[in-house]
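Given below, in the form of structure tokens, are the structures.
There are two complexes below, and they share subunit A, which is joined by subunit B in the first and by subunit C in the second.
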Partner chain A sequence: MQAIKRKKQKEKIIEGFFLICAFVAVVSVLAITVFVFYNGLKPFVSNSYPLWDFLTGVEWRPGSNMYGIFYMIVGSIFATFGAILIGVPVAILTAVYISELAGSRIGKIIRFAVELLAGIPSVLYGVFGLGIIVPYVLKISPNAQGESLLATIMVLAIMILPTVVSISETSISVVPKEYREGSYALGASKIQTIFKVVLPAARSGIMTGVILGIGRAIGETMAVMLVCGNPIAGIPTSLFDQIRPLTTNIALEMGYASGVHQELLYSTGVVLFIFIMIINLAVNKLVKAKVGS
Partner chain B sequence: MSKSLKKILVSLLVGATVLTLAGCGSSGTTTSTTETTKTAISGEINGGGSTSVQKVIDAAGSEFTALNPDVKFTYSGTGSSDGIKGATAGTYSFGCASRDLKTEEQGSLTELIFAYDGIAVVLNPANTVKNLTTEQVGKIYMGEITNWSEVGGADAPIVVVSREDGSGTRGAFEELVKFEEKLKPDATIKEGNGNVQTTVAGNANAIGYVSLTFVDKTVAAIDIDGVKATVDNVKNKTYKISRPFLAVYDKAKVDDATLAFLDFLMTTEGQAIVEEHGGIAV
Partner chain C sequence: MDANIKFNTKNLNLFYGDFQALKAINMEIREKEVTAFIGPSGCGKSTFLRCLNRMNDLIDSVKINGEIIFDGQDINGTIDVINLRTRVGMVFQKPNPFPMSIYDNIAYGPKCQGLKDKNQLDTLVKESLMKAALWEEVKDRLNKSALGLSGGQQQRLCIARTIAMNPEVILMDEPTSALDPIATAKIEDLMSSLKKDYTIIIVTHSMQQAGRISDKTAFFLMGEVIEFNETPIIFTNPQDKRTEDYITGRFG
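== the complex of A and B ==
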């Protein structure tokens, strides 16, 4: 009896410890949300800067009291969309190759390379982009500088590869063997099986990977800051135009800003936050749909 | 061994011990007296003025208060003119300015130049342009001059590289070249001196600016109005894109703590802080 009681007590203590650990995450997310929203909404509540001008303005000149982020929103969306357009097909085909086609040795090598890619600090992607991609873009660009939407897209496309590859690969490998065998029995080739049977069956898992990739692309800061050009105005109209995504706007100026300028940088954060929340909700919905089916 | 010999030995030993102790005691007293003179620096130092010097002064201030715990140090960045006014009126123990004083501002103030700030205009080494006037630099940054051929170079578009908003170097550059808040919209913005330099080194048509102490061999610092961008030319005031960092105080009103702080600023330690924050030591 005594021994069982003591064991139960011990379990309770350990359980409590786990609860405290879990609270760290909850408290952090609440603190960050409250902090960013409190500071970010202040300028609009106190009327020190009109919300409409903030969201629709196309020029960011803190010294002249001009704080428009519309061109940054456009830049962020274009860059993310472009990165998905290039990165996702490459990532899915990589995942298919690793799990369906490659022999175990080559598969291991590729998987290892993708995992390494995930471990590279983002600033190094930026340095690589500035040293290799930007000069290359400059060669083909009609503009005089290589920092551009295109360079940003290329860096981001590489950066989202690990996320999309690993999640797609996992969901492809859990597709039941019977599906493939059934397909082969009907006379389908390997490639036909992959595209008509395996990928549709793994669809929701792949979509989760893609959406996490979007989250990564839209939130990336350090690497992008070095290759995007960060102009103070202008909606990008071509791949060779410079962009200033929401994230780099915050990172560039937070160090020196004060007063309304600083608050509006938090507001930029709020906009970014809303984007990322939408993406997370979408992921949750997809995951639920997957469980449902 | 005889008894008397033992006695002599013992007394010698005792004597030696007493002497050593006395020695320790006396040396102990001297240390404590020097310490009291050192800790004599106490009081409140409240400086104010130029925002450009804030980083240097804040860093020097926290170092100074670490050495003298009885000192309370504050500095408010309110602008050079305010710093000079505050020092004249006595509301600041000392004021800081990042420009020379106007004659009407001088009054009874004592000036102390504790650092210089110089900005080099850098081009890609492949660029044939080696000299620009301050006015031309301003026009390039405002977008009025957009091709190198307009300033004697090859027929190629100029890629303007600037720093992020709020950067002290950008603020100083815009002020000294006189294009405040008129930077052309499509200028490439880079964070930090290093990134500007990398960008200019990687683009044959780029123009950028970096702290004078930061220029390396990957880029070419050009002459401004025919004057080379060197530390000496900043100090003798012939190089235009530069400015002094001044501390001003009223001799009649200044207290010992403030003077001790300003002395500290001029020591090797203080000057090292200046250089650490991008300034040029005096």
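== the complex of A and C ==
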């Protein structure tokens, strides 16, 4: 009797320990959210800087008390959109190649390369972009520098590959083989089967990968900082224009800023946070829709 | 050569790696008859069926030798596999409609062959569904997902999808094993009515089914065809002791 009781107690203690571990994540996300929102909303609540000017301004000159992030929002969105436009088709076709077309050996090699790509620290992507992509952009650019929206898009397009490839590949590989057999039995070719049956059937999984890729692209800081140019003003109107995404704005100045300047960097974080939350909600919705069907 | 012979296999052997799944199969299958393959699980009947439209191509380890003459041509050689599969359709054990609308399921095969004309497609979809005895049940929801149909309806949709290709032969791999008795009866009725237009070859685990619907029956055992004859003879007067044991339920 005593032994059973002691055993039960032990189980309870271990269970409690698991619960504490699980709480670390919950507490962290709450702490970060509260901290960023508290600091970020302060300047607007205390009226030390107007929200409207912050959201619509196109100049960021802390020295002249001008803190507009509209051009950064535009830059972030353009860079992300461009990266998706280039990266996603490449990623999906890579996933198709690995799972449907390549022999097992070549498939393994490509999959290994993609996994390695996922493990490269983002600062190295930035260095690569600065050393290789930026000089190339400079050659074709009408502007005097190679740091640009285009260079940012190229670096981000490569960075989202691993996410989109691996999630697409997984969702392609779980498409039932009965669909493929049914298609072949109707005289469809391999390519027809892939594009008309397999990819549509894997669509929701692939969309999840794309949205995670968007999240990665919009949140990327270090690699982007090295290739985007970080101008203090101006909405980008061409691919060769420099951009200053929300993330790099925070990273560049948080180290030395103080007062309203610092608080408005937190506000930049709030805007970024809201973007990321929207993306996460979209993922959740998609995943639910997938389970629902 | 007898003009009525659709498939003629000569000394057909098939290996999965080192395992020999089919041993020297010689069989003549006639046009516009229902031929049933029976036998215990793993006897090679499905494997043989899948040779007839080259579905075994999808499995890497398969090696085949011998001849399969289809309308005078050996389909084991270098042939246009896509053309073969448009002439020899297949219905699978588990109903496998594509996750798209009922209409698109039927139109899929013809579209893959390049048919684009909307009117022609509409007519083809309607005719195919009527032939598969499904039109009345689905005519008001052609644009709804095929996955919303019952199992039996899905299987008739798969048959309609096959008919839409206007094949000469329809292969059926245990088409009713996942269905309830009522749905099974409907598919069996359908097969009898399709017989006048198509050559049907069916793999079945149900000897009653083979007895009800087929003209000829082949009994497979461990990769060999033990006996192949008129269905009534197989069931009433089998020549081989092993056939008799199987149909009387002594094994399998």
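In the analysis below, the second predicted complex is superposed on the first by the 283 of 293 C-alpha atoms of A that agree within 3 Å, B and C clash if a C-alpha of one lies under 4 Å from a C-alpha of the other, contacts with A are read in each partner's own complex, and residues count from 1 in each chain.
Everything that follows uses one rule, which is that contacts are C-beta pairs under 8 Å (C-beta built on N, C-alpha and C of every residue); 3 or more make two chains touch, one makes a residue touch a chain.
Everything numeric here is computed off the predicted structure, so don't read it as measured data.
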The answer to whether subunit B or subunit C touches more of subunit A is B
On the A-aligned overlay, A:S64 touches which partner chain: subunit B = first, subunit C = second, or both, or neither? first
Given the touch rule stated above, what does A:S76 touch, subunit B (first), subunit C (second), both, or neither?
-> neither
Q. In the superposed arrangement, which partner chain does A:I232 touch: subunit B (first), subunit C (second), both, or neither?
A. first
| Should A:E178 be classified as contacting the first partner (subunit B), the second (subunit C), both, or neither? | second
So, in the complex, the side of subunit A touching subunit C is made of residues 176, 178-189, 192, 196-197, 200-201
Note: in the complex, subunit B contacts subunit A through residues 156-159, 164-168, 180-181, 183, 185-191, 195, 198-199, 202-203, 205-206
Per the touch rule, the subunit A residues reaching subunit B in their complex are 59-64, 130-131, 134-135, 138, 144-147, 225-226, 229-234, 242, 244, 251-253, 255-257, 261
Listed in rising order, the residues of subunit C that touch subunit A in the complex are 53, 55, 58, 82-83, 85-86, 89-90, 92, 94, 96-100, 108-109, 112-113, 158, 161-162, 165
